[in-house]
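Dropping the structure in here first, questions after.
Chain naming follows the written order as A, B and C, and within any one chain the residues start at number 1.
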Amino acid sequence: MTAAQAPLLQVTGLTMRFGGLVAVDSLDIDADRGRITAVIGPNGAGKTTVFNCLTGFYKPTAGRLLLRHPTRGEVELQRLPGYQVARHGVVRTFQNIRLFPSMTVLENLMVAQHVGLMRKSFFSLAGLVGLKGWRDAEGQAVEKARTWLERLDLLHVADEEAGNLSYGMQRRVEIARAMSTDPLLLCLDEPAAGLNPRETQALGDLLLSIRAEYGTGILLIEHDMSLVMGISDRIHVVEYGRKIAEGTPEEIRSDERVIKAYLGEPEEEEMPAVVAQDLGNGGEARP
Amino acid sequence: MGALVDLGTFLQHLINGVTLGAIYGLIAIGYTMVYGIIRMINFAHGEIYMIGAFVAVTSFTLLIGLGITWVPLAILLVLAASILFTAAFGWTVERVAYRPLRNAPKLAPLISAIGMSILLQNFVMLTQGARAKPLQPVLTGSFTLWQGEGFTLALTYIQAFIIVLTVGLMAGFTLLINRTSLGRAQRACEQDRTMAGLLGINVDRTISLTFVMGAALAAVAGVMVTLYYGVIDFYIGFLAGMKAFTAAVLGGIGSLPGAMLGGLLIGLIEALFAGYVSSAYKDVAAFSILIIVLVLRPTGLLGRPDIEKV
Amino acid sequence: MSTTLAHRAKDGALAALLALFLSVPFVGLYTTSTDQGLSLATRWAWLPVIAAIVFAGRLALGFATDALARRRAAGPLIDIPEETGRKLGRGLVLAGIAFAVLLPLTPLSDRYVLDLGTTVLIYIMLGIGLNVTVGLAGLLDLGYVAFYAIGAYTYAILSTALGLGFWVCLPLAGLVAALFGVMLSLPILRLRGDYLAIVTLGFGEITRIVILNWQSLTGGTNGISGIPRPTFFGLTLDRRAPEGERTFHEVFGLTYSSEHRLIFLYFIILGLVMLAAYVVWRLRRLPVGRAWEALREDEIACRSLGINPTASKVSAYATGALLGGLAGAFFATRQGFVSPESFTFMESAIIVAIVVLGGMGSQVGVVIAASFIVLLPEFARDFSDYRMLVFGAAMILIMVWRPGGLLSGREATIRLVPRAAKKKEAA
């Protein structure tokens, strides 16, 4: 995969207005397969709105969301209803976890494989009669689910109701569910929220291994700097709906505009050493 | 001239429709307020209106028996009695059938409400008899608005009374909701019940008062319908309730002005349809309009558009 | 939360006072129609009785709830290990099926019992159908009676006007109902839950009013009568056969009994119910059924996984409509006539009540709730005037007691580790 190749997802001029409020203003972002792209910025910067426009929950006021699908060619996502965006391989998780709470973890992962299974069940007719083709397909789906459960250390709760699990486990189920759809681009909305440092580290490792093994593109909204700086290939910084910086983690770390956006105007005196050092550490909390 | 008669007929239908609409609007407010504050369709509200009508009939009969026949006093006393008793019923219904289910899955209160509706209907049927109650006319006479060849455009005293009273109640209610602390408490509970409670608002009492107010308005509607039609039976709650709820949804459920607007529209549609197309299908007209409006504007005419929070 | 006797007494007294107040305009006073108009009469004697009942009832309720809470705090009410409980449940289901199948062959079955059983089965069928829409997919449908009516009238029209047989008309009626389900649902599926409810209610009422007034097609208030009954492979179950045909009892050498037809009808509806239950049970384990349940749980998450919510909702509606239509067709042929008064909103309300009381999504719950709803008024026959009153009160009480429905737990459709394997591990 050369750098010269056109990126999988190219967002140009994305604008979203709610009445008089401009949540996103002419944003350009791109994301690619095998790359981890992070979108960061202060709260209220419009990051989740970008996701919602991308995945079809909002209709953008203006802009072009171009997906270069390997088999279906170029698709403009902003014209598609939400579920079609997912069918084109762009799958997301949510800030407030949205599992199917009274269904088991395994069932959640089976629902994720709905589209393929629906076809194999031939509008349920093959399923009703119990044809071999259907039964094989279902077995394969269970196996795929099992793979992801194993990978995310969820095998022991496969038959538990998803709503009964701990927060950390629910987050993992959401990721497992999204990966069960074999996405091209995995969009994660604050996946590290509410996780302790050890869990965050495990998440980072997981995302890196997904990138390595499956070549899935990952688009990440996140506040946890240790995660962002640790695994991102490219970072876009958004403030008040506008992009203010873009680059590698090193570049972003030392970008003045970013620092100003997060910390405000520097006081007369120099930035406190503690803070500067923290930023130098990639945002890791000092012990 | 024929055209003038046509215009006259049209205006008469209009007057009838507005009167009907006022009645529907008063009932619709009860639905919309309850839905606004606890997101529940109070299926038994139509029965509350019916109870108001029955108390009115009984009160009128009592007053006539006692020899109190001066019309303004009689109507005043009947309104008072009806509001008092109906409000008590409304309060009790909430306490018994809905409050225990405040945090239950959404369909449980609905079934409870349907059960309460059946209970109230049969309670009235058993205690008052299944036959219709015809009341001797209380208030007769009308204002002649226009007199022409073979046609008279009239506004009966009852119609005038209904319209004036409704407008007055509407104004008073809007003031109540927007200017008083009760109104503020109610709006707070509508927006965020938990937070309102944490801020010291007595949520239970606010909700109870909402039911009581809705019941009071329904009682007024019940008195009006008794005066207007002169005959009631234990089944009027169902049909009127259905239409009033349609009106509330049409106007945008949760919106007070929407309820009045919706009521007015349903009343007009019904009167015009019955007059010009077919009396048998007039109920179909109201429902069909509702469906069309909702398909085009899912949150009703004056309802706030819902933006999904993802 | 135990309270003192004084507290309880005050509580009871207040309740009694309220009951007294509410009784004044209805129990205490009542109007009767005379030639001169309405006259007022009184029944004051009842008021103290009502007050006493409410007072005593409130006290008793307070004591009972406290005792129950104390007992529950000490441990579960009934202590059964999970495995045994499940085996027991399965055993009861099998016993129930056996009972239903063998009922007509037992001596205690007579016309009345068969009739009742058939009615229960019709409501079970309706409950299974609405359970797909409301229980599984979470779509509130308050106008389900429309599909019941469409199925019944389609069957009536097809069999009387076109002379088609039972086994042809039945599926056709179901398909017509399903078609209506698709047509009606498409424009309204964007609507949020409560709006959907009122619109479906509107559909139900519109259907009833149209049926009532479209004389030429539906016979208006008189309905359609003379609907032929199903035959046993061409053999009619009447006492006498029309020209050139033979009767059932002739061929099988039995003395004619009107029960034959009743038993035949009973087995038809039993077969339909079991087929419907099985199909729905299977559908739950297929992607389409899982999508329904996922839709109920979280529609937004469904969209994010590629599930088309409209297609899913329409399929749920259509399936429910199909089953409702089949029930209606059977109803038509069983009664021999159809009229609009069988298809009021109250029917829709009762069927919704069956689904919710039974526990959303639970088919066994539907069976229990349907039986309860049909049989309760029968057992209270002596108090026939009070039947509906008690019915309404019962609905409220059951909902307050168990808001999730009688069987509110959900059985998973697929397990990674089958239960039997788990047991072996533990052993």
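The rule is simple: a contact is a pair of C-beta atoms (placed from the backbone, for glycine too) under 8 Å apart; a residue touches a chain by one contact, two chains touch by 3 or more.
Everything numeric in this text was worked out from a predicted model, so none of it was measured.
Core chain by CA centroid proximity to the global CA centroid: C.
The chain with its Cα centre farthest from the Cα centre of subunit C is A. Between subunit B and subunit C the centroid-to-centroid distance comes to 31 Å (mean Cα coordinates, whole Å). Distance between subunit A and subunit C, defined via averaged C-alpha coordinates, is recorded as 45 Å. Between the CA-based centres of subunit A and subunit B the separation comes to 50 Å, rounded to the whole angstrom. Within subunit C, contacts with two or more other chains are made by residues 300. In subunit B, the residues touching two or more other chains are 308, 310. Listed for subunit A are residues 57, 94, each touching two or more other chains. Interface residues of subunit A facing subunit C in the complex, by the touch rule stated above, are 55-57, 81-84, 86-87, 91-92, 94, 98-104, 106-107, 110-115, 117-118, 121, 123-124, 127-128, 142, 145-146, 149, 155, 158-159, 161, 177-178, 181. If you check the complex, the residues on subunit B that touch subunit C are 35, 39, 41, 54-55, 57-59, 61-62, 65, 81, 85, 88-89, 92, 96-97, 100-101, 104-112, 114-124, 126-129, 131, 133-136, 238, 242, 245-246, 249, 253, 280-281, 283-284, 287-288, 290-291, 294-295, 298-300, 306, 308, 310.
Across the complex, subunit C meets subunit B through its residues 18, 21-22, 24-27, 29-33, 37-40, 134, 140, 187-188, 190-195, 197-199, 201-203, 205-206, 209-210, 212-213, 300, 345-346, 349, 352-353, 356-357, 360, 385-386, 388-389, 391-396, 399-400, 403-404. Within the complex, the subunit C residues that touch subunit A are 279, 282-283, 285-288, 290-291, 293-294, 297-298, 300-309, 410, 412-417.
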